[in-house]
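In the two complexes below, chain A is the common chain; its partner is chain B in one and chain C in the other.
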Partner chain A sequence: MTDFPDHWQHRTPRVRLAIWFGWLCLVALFVWCWELMTARTIWSFVWDAPTQAADIGSRMFPPRWTYVENLLVPLWDTLNMATLGTILGVILAVPIAFLAARNTSPFPLVTRPVALFIIVASRSINSLIWALLLVAVLGPGLLAGILAIALRSIGFIGKLLYEAIEETDIRQVEAITATGASGSQVLTYAIVPQVLPAFWGITVFRWDINIRESSILGLVGAGGLGLNLQASISTLAWPQVTMIMIVILATVVLSEWVSAKVRQAII
Partner chain B sequence: MLELTSLTKVYKTGDKALNDVSFTVPKGQIVGLIGPSGAGKSTLIRCINRLVEPTSGSIKLGGRELTRLSSGELRAQRRRIGMIFQEFALVERLTVMENVLSGRLGYVSFWQSLTRRFPPADIQRAYRLLDRVGLMSHADKRADALSGGQRQRVGIARALAQEPELLLVDEPTASLDPKTSRQIMRLLVEICAEDGLPAIVNIHDVPLAQQFMQRIIGLQSGRVVFDGPPEALTTEALTTIYGAEDWNAMKNDAAEDVAAEADAVRRMAAISA
Partner chain C sequence: MTSYPTTWRRPPQIFTDRRWRIALQIGALVYLVFALGTLDVNWARIADGAERGLRFVAGFLQPDFTSRWRDISIGLVESLTMTLTATVVGVAISVPIGIGAARNITPRWVYMVCRSIIAVSRSLQEIIVAIFFVAMFGFGPFAGFLTLVFGTIGFLSKLLAEDIEDIDESQAEAVRSTGASWLQLINYAIQPQVMPRLIGLSLYRLDINFRESAVIGIVGAGGIGATLNTAIDRYEYDSAGAILLIIIGLVLVAEYSSSYLRKFLQ
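For the complex of A and B:
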């Protein structure tokens, strides 16, 4: 019988040293950042913070319940902005996703990079920034808000959808191709049914996010609840600010509930 | 009639999956294609309906050359060839009926298929086929709600909906239990006999091939090394195809399967009596 070694190591000494060194660098970076942060903080403000917070807090309560009447129209605007923005975003994102997915892109060398660039460009700019730009171009109002939401949604929906398209089962595609189906028939019979649950999940999820985002777009003049929020903060009407926050919270909880229900229903 | 002449497929990696394969399948003949994994069985049947592009050689179905077709002609030729898959390859989220009707995609326009408005004759044919494979009551169920054997029956109905002149069958029973495997093979053989439909069946279960096939072709490293009736498949022939192995043990296993099946039937009869 041969002698088998009784000793086995998961990593080589070199790899262990490298991992140890990596951790050392990370700790050093953290210490350095901490130093930098504390050096530039005005500590008297920080020590004062609890008093300040308590002061604003006391002014924020109780919320001004009667202010709700003034919020109903902006709330409706916010919901519309989120919903219309999502719909427009979906309409634009679907073709881009099919152009970006490796298995459906008609001319991968040309169409993929273009589609991926659109997705990245849309994702890299926050909707607040999109709104800022669009308000400057289109003037303040809901249209700027809707377009800002749509432009930001393209990247989000496009990316998640094209990943779902790339993960489809190739055997189902092969089977439909083998019947003599055309390219567009393969798309509608083999690929669409497979990505449909992902599509609805992504859309509802994005709608849910868009409700949150559209409630602050008014800060830069794009309409909705954010407009009231900005007005209330600048006039130091803190009880109104509390009321707006309560309305936003209630809306987000509701949209969360709706999107959870929809996702349950489709899976 | 299907004629393959000097069919060769070399993959980009340099693997010669098929090497000068030639044979003819006359009308109504069921051919079992056996061979070890990687022998080129799957490549061979995928070359015939051009899911895999052959490197050289010729494939003729009813006198019509299938290599070197334009994409439109390829579509029209694919309609003539029904294919049945190992893991059924149904579109899981569509209904049974939609899956069967998808066999007609080569015949209808994009709008007809998108709106699911198939011609009445197609719908009637689909119902007839569902009845033939015993799934009439499952027409509106989703494909992923069915058992393995039922799914393969839908796969068969989909292939037949094409009104094919040839069936390509890729490991039809590899995902099924022994009893369901035999039922599916029996169904396939019956259907081919009824319609005089030739079929090429990839099958790695040698006893099953011997039981149901009229002719066996053995592939080894992309070459035809055996071509004859199942009775001619001797121990020597199997060793040429697969390499040395205890073939009698395998045959005994198959005999046990059959005995177990008979036993199960007896016990079921006893319970219901």
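For the complex of A and C:
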């Protein structure tokens, strides 16, 4: 006869031991990483932080409202950077998405891996890093920002779009093929109409993210609001920093609202 | 008798009204003309940069891992440790906030407080947060750590709160009807339901935090981003290429292993 435990427990002792061991490992790893990370931290700066924060806070208010006049052109630049970057990104991403999708890739063995690699490489590098590289190559300015946004967008749009293409209804493709349509006709009449709503949704979504990102690309010299932010921080003009942040926040909230409305209307 | 068209035309899909379509097309065209008009491109500078661009491509194809390996390894260790500690601390903080932001188990005022914390954390970009933390806490990975914690809180609490709001109410009801206290309710009704998702989200956030840690170094918050920034400032494109390849590789490993682990856990 087995002896039953006198009270109910969720897990067997062995599993509980394993879970405890897992937690122990996590804590040990955390402590080890913490030691490594803070090895060169200057703690007097850290303890000093509340006074620094209070100091910066007191300098930041009130925001310099009149500075907004100087921000209109950078704001326009930022919006252009995001929009033109998105357009360029879409133009580059659409063929890549069609090459990457299993059902539309012309030579799946060759084109799929190449297209997937482009998508992954573009996705794993943040647009700020792209901008850093492009500013070094092309010089500071809007063009570097537009290209950075476009390069980062390729991965995002490409990935979502190729997934949408792979999820298309095969029966419609078969119906069009049965009429004797050529390959390009199958694309335009069977696949494109099915992915079009997803395409516009993805594009608007990416545009919204790009507005967010383009507002800070200026930090590395790619133009737009970030340039003013960088200049104001370097000269310790904190009231201007507050004003710029208000403008960025308002733009981001507005673009998010627009994108949500558009996506709601489409999907 | 109406005359039927002899050829079929594909009906428009999204904007069915012809006038809307034309207005939108004209609007887009006008915008493009204006936007491209204000874009002033310095072609001479770009021509100068072409040579540098080629050197960069060459550096990317022949990455130099060895000559700056000490800097690169310091940056990598900073990035990786920053990522792990920030994720652990971020998860630890966002669990109570996430519970507080779930409408079905908390009083209204707690809900409002927690939701506003989430809103603040989500609306500020990590780079801007990093700038402030660097100004307050000095240069180095500690500022980066705080930035990542800040970002993690907004992300995880929001998703956790939504998860808790979506739980199967009947299980909570059953536990409540045994006379369980609020803590017991969390422990026996909520936790088992959301735990797999929470682990999955934490792993996903680990992945995101590593990507972010590569970026916030640009404004001085430590990590591999700082090393990359230095390499580009020194025009050492072969080292920069090596760093970028390491970032791409690590992001790939993180992405695939985190998605594999998430599939395995769910």
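We take it that the second predicted complex is superposed on the first by the 219 of 267 C-alpha atoms of A that agree within 3 Å, B and C clash if a C-alpha of one lies under 4 Å from a C-alpha of the other, contacts with A are read in each partner's own complex, and residues count from 1 in each chain.
As a convention for this text, contacts are C-beta pairs under 8 Å (C-beta built on N, C-alpha and C of every residue); 3 or more make two chains touch, one makes a residue touch a chain.
On a predicted model such as this, the values are computed, not experimentally measured, just so you know.
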item: Which superposed partner A:196 touches (first chain B, second chain C, both, neither); value: both
item: Which superposed partner A:172 touches (first chain B, second chain C, both, neither); value: first
item: Partner chain in contact with A:142 - chain B first, chain C second, else both or neither; value: second
item: Chain B versus chain C as contact partner of A:212, first or second or both or neither; value: second
item: Which partner, chain B or chain C, touches more chain A residues; value: C
item: First, second, both or neither for A:235, with chain B first and chain C second; value: neither
item: First, second, both or neither for A:180, with chain B first and chain C second; value: first
item: Those residues of chain A which chain B touches in one complex and chain C touches in the other; value: 189, 193, 196-197
item: Residues of chain C that touch chain A when the two form their complex; value: 10, 13-14, 31, 35-36, 38-42, 45-46, 48-49, 52-53, 56, 77-78, 80-82, 84-85, 88, 123, 125, 127-128, 131-132, 135-138, 140-142, 145, 211-212, 214-215, 218-219, 225, 228-229, 232, 235, 240, 244, 247-248, 251-252, 255
item: For the chain A and chain C complex, residues of the former touching the latter; value: 26, 29-30, 33-34, 36-38, 40-42, 45-46, 49, 52-53, 56, 76-77, 80, 83-84, 120-121, 124-126, 128-129, 132-133, 136-139, 141-143, 146, 189, 193, 196-197, 200, 212, 215-216, 219-220, 229, 233, 245, 248-249, 252-253, 266
item: Residues on chain A engaged by chain B in the complex (per definition of touch); value: 169, 171-172, 174-182, 184-185, 188-190, 193-194, 196-197
item: Sites on chain B touched by chain A in the complex; value: 49, 51, 75-79, 81, 83, 85, 87, 89-94, 98, 102-107, 110, 113-114, 155, 158, 162
